[in-house]
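As written, the chain order gives the labels A, B, C and D, with residue 1 at the start of each chain.
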Amino acid sequence: MLSARDPGFEARVRASFARQQFMTLLGARLERVVAGEVCIRLPFQPALTQQHGFLHAGVVTSVVDSACGYAALTLMEPGAAVLSVEFKVNLLAPARGREFVAVGRVVRAGRTLTVCTGEVRALPEGEGGDEVPVAIMQATIMAVRERGGLSD
Amino acid sequence: MLSARDPGFEARVRASFARQQFMTLLGARLERVVAGEVCIRLPFQPALTQQHGFLHAGVVTSVVDSACGYAALTLMEPGAAVLSVEFKVNLLAPARGREFVAVGRVVRAGRTLTVCTGEVRALPEGEGGDEVPVAIMQATIMAVRERGGLSD
Amino acid sequence: MLSARDPGFEARVRASFARQQFMTLLGARLERVVAGEVCIRLPFQPALTQQHGFLHAGVVTSVVDSACGYAALTLMEPGAAVLSVEFKVNLLAPARGREFVAVGRVVRAGRTLTVCTGEVRALPEGEGGDEVPVAIMQATIMAVRERGGLSD
Amino acid sequence: MLSARDPGFEARVRASFARQQFMTLLGARLERVVAGEVCIRLPFQPALTQQHGFLHAGVVTSVVDSACGYAALTLMEPGAAVLSVEFKVNLLAPARGREFVAVGRVVRAGRTLTVCTGEVRALPEGEGGDEVPVAIMQATIMAVRERGGLSD
């Protein structure tokens, strides 16, 4: 069980997410925020598609990158900011559905680097139906302190 | 030197790019399209930023993923469609600037799988200034034929 | 629950592993082989170390790559062979310990491409002690059929 | 052009490489060591193969990981040690040949993290013949200072 060093981590994550203008453009909503895990929900919109009408791989990546970055932030002390160092995404199936759920989880939290895994699942069109995994991510997030006024 | 099997590859790539509604949402423009290499240009907009005011890593990924996918498509025969299998991105510097240029290049073109590398450079704010590399990508693209009516 | 299409998958995996001369050189042993999951055990040896005396990252990668490849093979029909297309490894902690356990698991099995995740854990030196995760992998494996006489 | 901060970087890299017992086991030799770039050569041996008689992907990864790590070390001040944080490898072709050449190059050198790209080429069996690219790597290397007595 991962424990947070900042009792106010949830409010901090929610305030930072609200400043991600790109998440607003996508229509993504921050859902669960617990120590070491963050969930983001994204409704389908045609404006987010690639040439075959599926969600663009970059959109899938965007929401799971934010989920991983904020999962890392939940475990950091006040004043630290997060930057994505690198990530790798495997696209498991075409991203179609009425809604998408991205979850980021901390696998290892170091002082400087945090490693996360993430996944994105699609909720099928129409009512009911099983969630379909559409992507998995492995990501490295860096804690930045006292640099250029960055904060989260 | 890579050679195209479809003499009409440029028109095919441009038509497919025009169907990527997400590139329109980002404001990305397709520039150079040659056999094995594609370039996409993206002007900065506040709507594309993360919490520190830099371009969101997902936006950086989106344009270089499209550049890699279309670089792969330039070498495929008519009727084949491309899907991203996986990619990995290293973010080299905060993505700030007035404009960003993403280039995707084919490293190995197989019948089923094509491997590409990509990079994104930032043009600094204001006039002049050197381009700054902000990201590199290594990607695997799959050719899809006669499946579910996909085409590019 | 993943199901095997070849009832003789375990014997097939064990016979193929026995032909991996490099696993013999490392001193790696194939342990659990079930549908969609394979486990490999590697005792520590000084000959496998990098300059600080930890297991070389390439050794860590080798055993978890074999574990992922054979996890993919457990689900393939007789006659298919596996080749690693690509993988990504995050090294979570210095790989020190008396023994290492690598597990590969299938996340998605397609006709051509299989996506696996893997992990490597270290058993600490001396008796007892908790296992320590030292690496995680995300990998793409390709099924090869009727090509150049490859078989597994 | 990258410049070294330690005029004795080449001797430092060669001494550290000599302590990598695993490189000795593989039969790998350190060749060119210049600021920001390192080359390692590996003769083929049956003991390094996977089940089809090609070089095991883990062997390919091992030499290019060492090449990338030492490329990063060429640019660090005396006293810093390098650890691989993560890497991603695409295998472009079966690794067959009489000898393999791995090159690691620094793409971005930061105080804490260095990003490298690497490639492995195969020299075909017999005399002459063109080199064949068999793998490319994208890697993140961390500088470690004053930790647990690590040094390079």
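Just so we're on the same page, a residue touches a chain if its C-beta (ideal position, glycine included) is under 8 Å from a C-beta of that chain, and two chains touch if they have at least 3 such contacts.
Per UniProt, the chains are A, B, C, D = Thioesterase.
Being a predicted model, the structure only gives us computed values, none of them experimental.
**Student:** Consider the two chain pairs A-D and C-D; indicate the one with the greater count of contacting C-beta pairs.
**Tutor:** When the contacts at C-D and A-D are counted, C-D has more.
**Student:** Go ahead and note the Å separation of the Cα centroids belonging to chain C (Thioesterase) and chain D (Thioesterase).
**Tutor:** Distance between chain centres, rounded to whole Å: 22 Å.
**Student:** Which integer distance in Å separates the CA centroid of chain A (Thioesterase) from that of chain D (Thioesterase)?
**Tutor:** 33
**Student:** Any chance you could list the residues of chain B (Thioesterase) touching two or more other chains?
**Tutor:** Expected reply: 85-86, 88, 90, 115, 138, 140.
**Student:** If every chain is a node and each touching pair gets an edge, what shape is that graph: line, ring, star, complete or other?
**Tutor:** complete
**Student:** Quick check: in the complex, which residue numbers of chain A (Thioesterase) touch chain C (Thioesterase)?
**Tutor:** On the chain A (Thioesterase) side, the touching residues are 88, 90, 92-93, 107-108, 115, 117, 133, 136, 138, 140.
**Student:** Tell me, which parts of chain B (Thioesterase) touch chain C (Thioesterase) in their complex?
**Tutor:** Listed in rising order, the residues of chain B (Thioesterase) that touch chain C (Thioesterase) are 85-86, 88, 112-113, 115, 138, 140, 142.
**Student:** Any idea which chain B (Thioesterase) residues touch chain A (Thioesterase) in the complex?
**Tutor:** Interface residues on the chain B (Thioesterase) side: 16-17, 19-25, 46-52, 56-59, 61-63, 65-66, 81, 83-91, 94, 150, 152.
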